[in-house]
Amino acid sequence: MKFVSIIMGSKSDYDIMQEAGKIFEKFGVQYELLVSSAHRSPERTHQYVKQAEEKGAKVFICAAGMAAHLAGVVSSLTTKPVVGVPMRGGAMDGMDALLSTVQMPSGMPVATVAIGGAINSAYLAMQILAIDDEELSAKLKEDKILKAKRVETDSMGIEVII
Amino acid sequence: MKFVSIIMGSKSDYDIMQEAGKIFEKFGVQYELLVSSAHRSPERTHQYVKQAEEKGAKVFICAAGMAAHLAGVVSSLTTKPVVGVPMRGGAMDGMDALLSTVQMPSGMPVATVAIGGAINSAYLAMQILAIDDEELSAKLKEDKILKAKRVETDSMGIEVII
Amino acid sequence: MKFVSIIMGSKSDYDIMQEAGKIFEKFGVQYELLVSSAHRSPERTHQYVKQAEEKGAKVFICAAGMAAHLAGVVSSLTTKPVVGVPMRGGAMDGMDALLSTVQMPSGMPVATVAIGGAINSAYLAMQILAIDDEELSAKLKEDKILKAKRVETDSMGIEVII
Amino acid sequence: MKFVSIIMGSKSDYDIMQEAGKIFEKFGVQYELLVSSAHRSPERTHQYVKQAEEKGAKVFICAAGMAAHLAGVVSSLTTKPVVGVPMRGGAMDGMDALLSTVQMPSGMPVATVAIGGAINSAYLAMQILAIDDEELSAKLKEDKILKAKRVETDSMGIEVII
Amino acid sequence: MKFVSIIMGSKSDYDIMQEAGKIFEKFGVQYELLVSSAHRSPERTHQYVKQAEEKGAKVFICAAGMAAHLAGVVSSLTTKPVVGVPMRGGAMDGMDALLSTVQMPSGMPVATVAIGGAINSAYLAMQILAIDDEELSAKLKEDKILKAKRVETDSMGIEVII
Amino acid sequence: MKFVSIIMGSKSDYDIMQEAGKIFEKFGVQYELLVSSAHRSPERTHQYVKQAEEKGAKVFICAAGMAAHLAGVVSSLTTKPVVGVPMRGGAMDGMDALLSTVQMPSGMPVATVAIGGAINSAYLAMQILAIDDEELSAKLKEDKILKAKRVETDSMGIEVII
Amino acid sequence: MKFVSIIMGSKSDYDIMQEAGKIFEKFGVQYELLVSSAHRSPERTHQYVKQAEEKGAKVFICAAGMAAHLAGVVSSLTTKPVVGVPMRGGAMDGMDALLSTVQMPSGMPVATVAIGGAINSAYLAMQILAIDDEELSAKLKEDKILKAKRVETDSMGIEVII
Amino acid sequence: MKFVSIIMGSKSDYDIMQEAGKIFEKFGVQYELLVSSAHRSPERTHQYVKQAEEKGAKVFICAAGMAAHLAGVVSSLTTKPVVGVPMRGGAMDGMDALLSTVQMPSGMPVATVAIGGAINSAYLAMQILAIDDEELSAKLKEDKILKAKRVETDSMGIEVII
């Protein structure tokens, strides 16, 4: 088994993070998703990460806000790539979570995406899995071409060309 | 036994944090001081906090910079008061550490002092211990009077009074 | 008598700060709560702090916004621990109040919690009181276990486990 | 007697604030200058402000850094104009002091100048005194003309005119 | 004649700045109020300031947002005290206007109040006028006592005293 | 043919950027307007810029938000002046886009206007074209006079003159 | 005659801004350079801008720091393109000057370059002049090719290619 | 062939980024390293990315400062994971580069590490490669254990244990 594990620090992150799940479903990538807090349930977090890694988790996605420690804690427990999604909220409306997530000590990186970047966290996880997965790699290339085409379509309705 | 435990996330925090130790020595307060990282040595941190609490730690002081998770991790492991000292460094030169330290979820507070505030972390720990310690309380009151007198002395050399 | 004193710089802080009062009621901790401003009623503030300390206040909680001086003024008048709650509002929507509260001179610490952190100000005050109060300490430990369990419950409704 | 009172929160503010004194000497304006802290010597500050006002202080200049409460405290004690000089230092290198100084509640204004703005605090105090002082007013107008001329002189050495 | 002149950079500042006018009416202080822009009507601004000063303007209050140059321009044209009111809006929602207003070159001070601080701009102008006006000075002292009493009244409805 | 080319990074920028188009129509300046993304459609962007320059584009206006790379990419492809319009949104609500737009390496300038500054991007483009266009130059001068008159009209309804 | 006019708010800006002059000399573009302050010498600034425009100034470059009003003032006086160079210094080390420069009211744009961006202010001015100057346009294209080649040379000494 | 490609936007990034190369050498991971700029050499960048991907590049590391577009440009050209390293410098000393790097549109993620985070960019690239490389995975696990042991050694020289 080979899957991506999505851990959210709070139930309130679900509205945003379920978008990542939808992307995985669209591309046929297996995933787990659960709530576990770095501070409120440290034991649960430790145990889950260990189990998930044994079961086949290849990438972790961790979403948290405020003093966003979750991705860092998971990175301290595994050598799998950890993608961090800082969530809006807090004194600086997510900038604080971004800095809490990205500024890790040497050897414990967190691959940080933008504030609330659920969709890009899923794309990044898929790009990582696609390194040795020709089929997924082909799907990602096709998706990129579609995105470029969408720009043309978006433009058509409004463009002014002399 | 009754003591304050000072945990530093990195050896490089020692230059600043030893000032807290000196304050404790001046006021006759027992303390422990060690390096243990939230990310690089999570097991060591967990074990130490449990042991220290059993041995008599009444207050924890945690100093860390960057994505400063140490105070938060310790607060998740104990119900003793945890004083957080955000350290300079990082993208916002300590403001990031300050926000990583202070913005904790409900029920896991960190009593945060200023960036690099080793001395005030010691004073705060002593004010906490002094709640039920008449002798320490008296020392703190006397110290406050001395600080007010020092202002007068500071002024004397330079003041211009008509 | 042994109680926590909650001072608010403005009546408008009451909506948030009454949450601290509710926490104290839930845990059976005595408290006082009043409005007194550092700037608008400096005499009242000075007199109240002196009286409250004599009457048995063990911890002060001070909530203020903007140029949030209240916690600092109280810390200058007592050697009891002062918990500062910076309130939203102002040019930087609370970050200014946070920095006005946390950056105190040596010997006059303010134990600062997050912006609008009424609930954690109450938890921190209780952790301080619990140092010599076995009963309160036991309640705080139990509360911590409940919080970890709540995470599991939160997760159940939404989690995806393969 | 009619004079300006300069109060500094710390002896370390003297290097900058003596520039204000020099300006007053150049323009023949009487002044007092002393150290008194909002936090470390609250009694001294209260007493001095009351005495100075009785003795003839027409404007107060207050310099402080970090959680810069001094100007606010003085404004709460007098109805004379209070000029606030936020000093460099602190987590945001003076921006925090600027916001601590300028964001006062209604009815307790602080006339804030730039960070480290000792010279402009003196000019502002003189502009205030000059409202009913023809002689000082004339000196200020003359000074303004000289400043405009200095720009021309500054330009001469380096300007390139076709 | 002796009056305060309120200049607004835009008609949209009127909602806030009319509060200053109301304060002046309450205290019986004469004032003028008009729109004149530093950038859109530089000639009008120059002419008005010169005329107003001749007619008896003792203090100028200038309100502007964004690249808030109005107070600075007025300060460059007169030696009367200029009170600057930075307005909300712009990339940093007023912080940019605050810094554009307060950071003036030596000899051209702007007495800056908080963002949107119309009321305190009026109080500051009155404190300046009151230096040589016993009657106005008495009114300001009385107002200060009323403000302190209001804090007590505010507290009564909600306070919890043991 | 001589025209201004407006490129938007996203269809969602149209609501704001069509204001630039309206200004051009009012002043009789020819323009093109389309959507093309630096990241989603890099080929399209490259090709369009080359073609537009050959066809007579004299100035490019590029609007983008977040990691706003569009103006920079266009500046790397042409030696015509590129006006950058940072759009609201992102972690710092446009400040990030402003800095992404303005901080270009030497030799690849972007003439940056304010966040959401569609109208000024059009004015700046017209000022550039007007250098060798007497008729357009005259229209811009007339417009400036009208703007000054509008200030007077704005003031009339609300001004208080003694 | 056709030239670029460089105005600096202070003599201290010369070290940086002479770089713009050197670029103009290298490309054979005529320029003037002088000191004139928005605040300290408003008359001089007004007169110079009017004269320079009559004499043949096609683009103005204005460099100023702190409450950087110079570019805005010049933009209010002319319909020629005004390039603004915010200078380092001030509470936010140039960010404040950047925002003071870029956030202009509608119809008075300032083409803003990066903080201290003297070289790019010159490139931008040349790109503007080159719209109707084939020779200068050719030089700019050639320069762009050289810059790309320099990247290759820079890489050679250090690159690792398998 | 299977390698990591390190692209730097400027030669000046080499001092920091060679640290990534050293980490790869220590762990026996193949890599390429070169200078290519998003703005100064767009053609070179496009061509290199295409060639490198064909030759076996599995992960790209892109380092750039200021308006840091390089990682975004590379992410727009490939579906391989792109690790972005924002470099110090610019108006916000790297924060601007961090936001320019991390805030990418959907489908074009950049796995961002801390400002100047060369070492963690290498670790992240190795964690990605290790997903299907047992040997590298084992080395990373061993390295993690060594890092935890180093904390103990660091502590020994300075710790105070009662």
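So that you can tell them apart, the chains are marked A, B, C, D, E, F, G and H in the order they are listed, and the count of residues begins at 1 in each.
Just so it is clear, contacts are C-beta pairs under 8 Å (C-beta built on N, C-alpha and C of every residue); 3 or more make two chains touch, one makes a residue touch a chain.
Being a predicted model, the structure only gives us computed values, none of them experimental.
> Return the chains shared as contacts by subunit B and subunit F, ordered by label.
Intersection of subunit B and subunit F contact lists gives A, H.
> So which of G-H, F-G or A-H matches A-C, with over half of the contact pairs the same residue numbers?
Equivalent contacts to A-C are found in G-H.
> Centre to centre, by mean C-alpha position, how many angstrom separate subunit E and subunit G?
The separation of the two C-alpha centroids amounts to 35 Å.
> Provide the C-alpha centroid distance between subunit D and subunit F, rounded to the nearest whole angstrom.
About 43 Å, centre to centre.
> Which residues of subunit A are in contact with two or more other chains?
Each of 10, 37, 40, 42, 66, 90-92, 98, 102-104, 107-108, 114, 147 in subunit A touches at least two other chains.
> For this structure, enumerate the chain pairs that meet the touch criterion.
Here the touching chain pairs work out to A-B, A-C, A-F, A-H, B-C, B-D, B-H, C-D, C-E, D-E, D-G, E-F, E-G, F-G, F-H, G-H.
> What residues of subunit H sit close enough to touch subunit G in their complex?
The contact residues of subunit H facing subunit G are 1, 3, 10-11, 14, 18, 21, 30-37, 40-41, 43-44, 55, 66, 90-92.
> Which residues, counting only subunit H, touch subunit B once they are in their complex?
For subunit H paired with subunit B, touching residues are 93-95, 98, 114-115, 147-148, 150-152, 154-155, 157-162.
> Per the contact definition, I'd like the list of subunit G residues that touch subunit E in the complex.
The touching residues are 10, 37-40, 42, 66-69, 72-73, 75-77, 90-92, 96, 99-105, 107-108.
> Write out the stretch or stretches of subunit D touching subunit E in their complex.
Listed in rising order, the residues of subunit D that touch subunit E are 58-59, 79-81, 83, 98, 102-104, 106-114, 117, 119-121, 123-124, 127-132, 137, 140-141, 143-144, 147.
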